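Pasting a structure here, questions to come.
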Amino acid sequence: MNRFGELLLALFSWCCTLLLTATVGILMLFLLRRGLPAFDAALFFGDTPPLAALLLSKPVFDGLFPALFGTLALVLLAIACAVPVGLAAGIYLAEYAAPAPKRLLNLFFDVLAGIPSIVIGLAGFALAIVLHRTFSGRIGHCLLLSALSLAFLVLPYLIRSTQNALEAIDPVTRRTALALGASKLQNILYVLLPNRLADLTGGVILAVGRCAEDTAVIMLTGVVASAGIPNSLLRQYEALPFYIYYISSQYSGPEELQRGFAAALVLLSLCVALFLLAFFIQRRLKERLLYR
Amino acid sequence: MSIFSRIVERLFSLAAAGSALLTIAVFLLLLYLALPLFEQGGFWALIRSPWDPGAGLYGIYPMLIGSLSIAFLALLIGFPLSLGGAFFITCFAPLFLRRHLLNLVRLLTGVPTVVYSFAALFLLVPFLREHLTGGSGLNILGAALMLAVLIAPTMIIFFVDALRRVPSGYLQAVTALGGSPGQGLVYIALPLAWPGILNGLLLGLGRAMGDTMISLMIAGNAVALPGSMMDSARTLTAHIALVIAADVSSLEFQSIFACGILLYLFTALLVLMVRLLGKFPKRSPG
Amino acid sequence: MTTAMTETTKIRLADFSFRYGKNEVLRQISGQFFENRLTAIVGPSGSGKSTLLSVCNRLWTELPEAKVAGKAEIQLGGEWRDLCDRRAPSQQLRRKVGMVFQTPNPLPMSIFRNVAFPLKLAGIRDREEIAQRVEDSLHRTLLWDEVKKRLDSDARLLSGGQQQRLCIARSLVLEPEVLLLDEPTSALDRTAAAGIEELLIGLKKDCTLVMVSHYLEQVERLADGVFEMSGGILRRLDSTYSR
């Protein structure tokens, strides 16, 4: 490769990077310009007094509050379901599984991680149909079904992050407690997991972000444009990403469209904040005493 | 071993086995609900025929073509961009920038798809409509452009990872022999890192095929077979999202399970390809 | 100086072989380590010295690809235990056979908790007993005066020599009958190494010590018996059997 080729390659790299960052930058600036003016209490609570809305004593009709509440409930439920299973499966893969079953399980989790979220949503939807046929009850689209489907969606990420975190532990740390007479389980609980707490927490937070942003799964399993605050797990609900999608196709005027931009900004900041939190934890928490 | 340890260990293995079984269960569930199609021998016909409810045709061939063309066009745009970005981060960027850039790329993987599509719908689409493609502005090109932006960060991370895994001693040897960084990249790093790069490419393809929101909001969702990239098209994923409201027992409704099965199989195929790639013997740089 | 005390065998190996995957790490070795003696094992790196130590506390059973043949036994509390059975329980045995690694490996917790950790693993909950045993242990490793005022600070803030003495204290808190030492001073400077050597001599009266070492001078100073490991073969070097 001559000097000219070298120059061309460098130029190409510069251009690609600039083009990508510029595209994303322009899109984000556009969102900010159109969405920021709409930020006030009315954006979240409409005409309802904020305190009354937060205490759930009065319903909010045209504000983002029900959607935010729905997203929060959804994420908490999904993570609560997914984390124990994901951690347990990850620990099994890293610490217990024999080579042959491990290869097979890895294959399954790779496939699972690759399944498009709409197909996971479709499976949740299908489950509701089958349950409906079998029990002919009113088991339909609801918050619980969405949360379970989302939990399934993020399960492979949690399994992988747990497995990778544990497998990255150096052999000396791994043997320290064993040489002192720890059982395998004691070693995992007292040394290995605390040693990787920062990575594990980071993985969970990224899974939270994934749950909060997904639209395809909830679209098929119970989210609706207007439901207020759900009073049971078996009710339909609102959620932020779906609200954004809904506004994009159904907005009635510039004011509503502006609320859509503001909602997109809220979701974006939420995901960026979660990412930064995970980043910060992985960086800083490592230095702290985490053993008890 | 105490009984407690035994129970906990059993729980761990149950969690792993259960999660793996759920992966199969999803497929079986889709298959079960698509069963009426198979019984009529309609599954393959469905994949090959057009969508024309007026004529009683509920084929998903246009959606299959829509999905493939959008995904491959996105890859065509996104791959060189990502490769350039990865070269920049590993080789050409000023040193102080490299780490920050990589963190920025990681951050970009977390940007919600629906936010990208929303911004593009009100910025890129009007631009395309007025300056490039005419019509509604909702077309394959717009969706592919946005998908390229969406999958680029994922691919860049994989590419950078693959390039960095090349032993630094090799690159130092090139420098010591008077070679330039670009020469080290082209003659040493790339030949060694190509399995990792192909791996990232396949995963990018998987993400592009599996994305719903961008194609749903930007590609226009026309059910006709697209003739060019200026045409509107509907993808398999968008089709599922759009038809979900139809009557549960209709043939129209059953077609979405065919879409689901196709997407599932495509994913599994990609994963298997990545797996086989991992078994490749490492080629020495030549 | 040879004492009148008769020598009791603590660990004995007969035609013992160790394979890791396809590698034969130890080849039909035989030998005995005696009670209240410091036995040194010297030899080039990669010759299987550390592997031999990991046989003595059954840490080898944590390696799925490891396979053993022949005979290896340890005598604890007057009773002979088989070291070759992969499925036999190891925890009780490891509490009586301590191990100190080449690089000091304090866990990221306070000084006190590091030393108390093995007691927690063994299920001892009595706080006074724990405090007493931790203090005793730190006395035995000549560390008490240095750390008694900051037992709650992070163990990783100690100097290298202090960290290694802390790790020895952590093993001693369980009152082991055998202490395995894998090049315990090679990561330390001369002064710190001298401190460790001094405390090892003191430990001989109630412990059997088996030490892997690179330094022949150190072996001369400390060891009662010396073996050389080379290419997976164990050979007794009687010429340096001085004390």
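All chains are identified by letter, namely A, B and C, in their written order; residue positions are counted from 1 within each chain.
Keep in mind that, in the parts below, a contact is a pair of C-beta atoms (placed from the backbone, for glycine too) under 8 Å apart; a residue touches a chain by one contact, two chains touch by 3 or more.
A quick note: this is a predicted structure, and the numbers were derived from the prediction, not measured.
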Shared chain contacts [subunit A and subunit C, defined touch]: none
Most distant chain from subunit B, judged by the mean position of its C-alpha atoms: C
Leader among chain pairs (count of C-beta contacts): A-B
Whole-Å gap between the CA centroids of subunit A and subunit C: 48
Distance between chain centroids, defined by C-alpha means - subunit B, subunit C (Å): 54
Subunit A and subunit B: spacing of chain centres that average the CA atoms, whole Å: 18
Overlap residues in subunit B, where contacts from two or more other chains coincide: 1
Multi-partner residues of subunit C (at least 2 other chains): none
Sequence positions of subunit A contacting 2 or more other chains: 183
In the complex, subunit A residues that touch subunit B: 1, 5-6, 9-10, 12-17, 19-21, 23-24, 26-28, 30-31, 34, 84-86, 88-89, 91-93, 95-97, 104-105, 107-112, 114-123, 125-127, 129-130, 152, 155-156, 159, 183-185, 206, 209, 212-213, 215-216, 219-220, 241, 244-245, 248-249, 257, 260-261, 264, 267-268, 271-272, 274-276, 279
In the complex with subunit A, residue positions of subunit C that touch it: 57, 59, 62, 64, 91-92, 94-95, 98-99, 101, 103, 105, 107-110, 113, 117-118, 120-122, 154, 170-171, 174
List of subunit A residues in touch with subunit C within their complex: 98-99, 172-173, 175-183, 186, 190-191, 194-195, 289-291
Contact footprint of subunit A on subunit B as seen in their complex: 1-2, 4-5, 8-9, 11-20, 22-24, 26, 29-30, 32-33, 80-85, 87-89, 91-93, 101, 103-104, 106-108, 110-123, 149, 152, 180, 182-183, 185-187, 203, 206, 209-213, 216-217, 237, 240-241, 244, 248, 256-257, 260, 263-264, 267-268, 270-271, 274-275
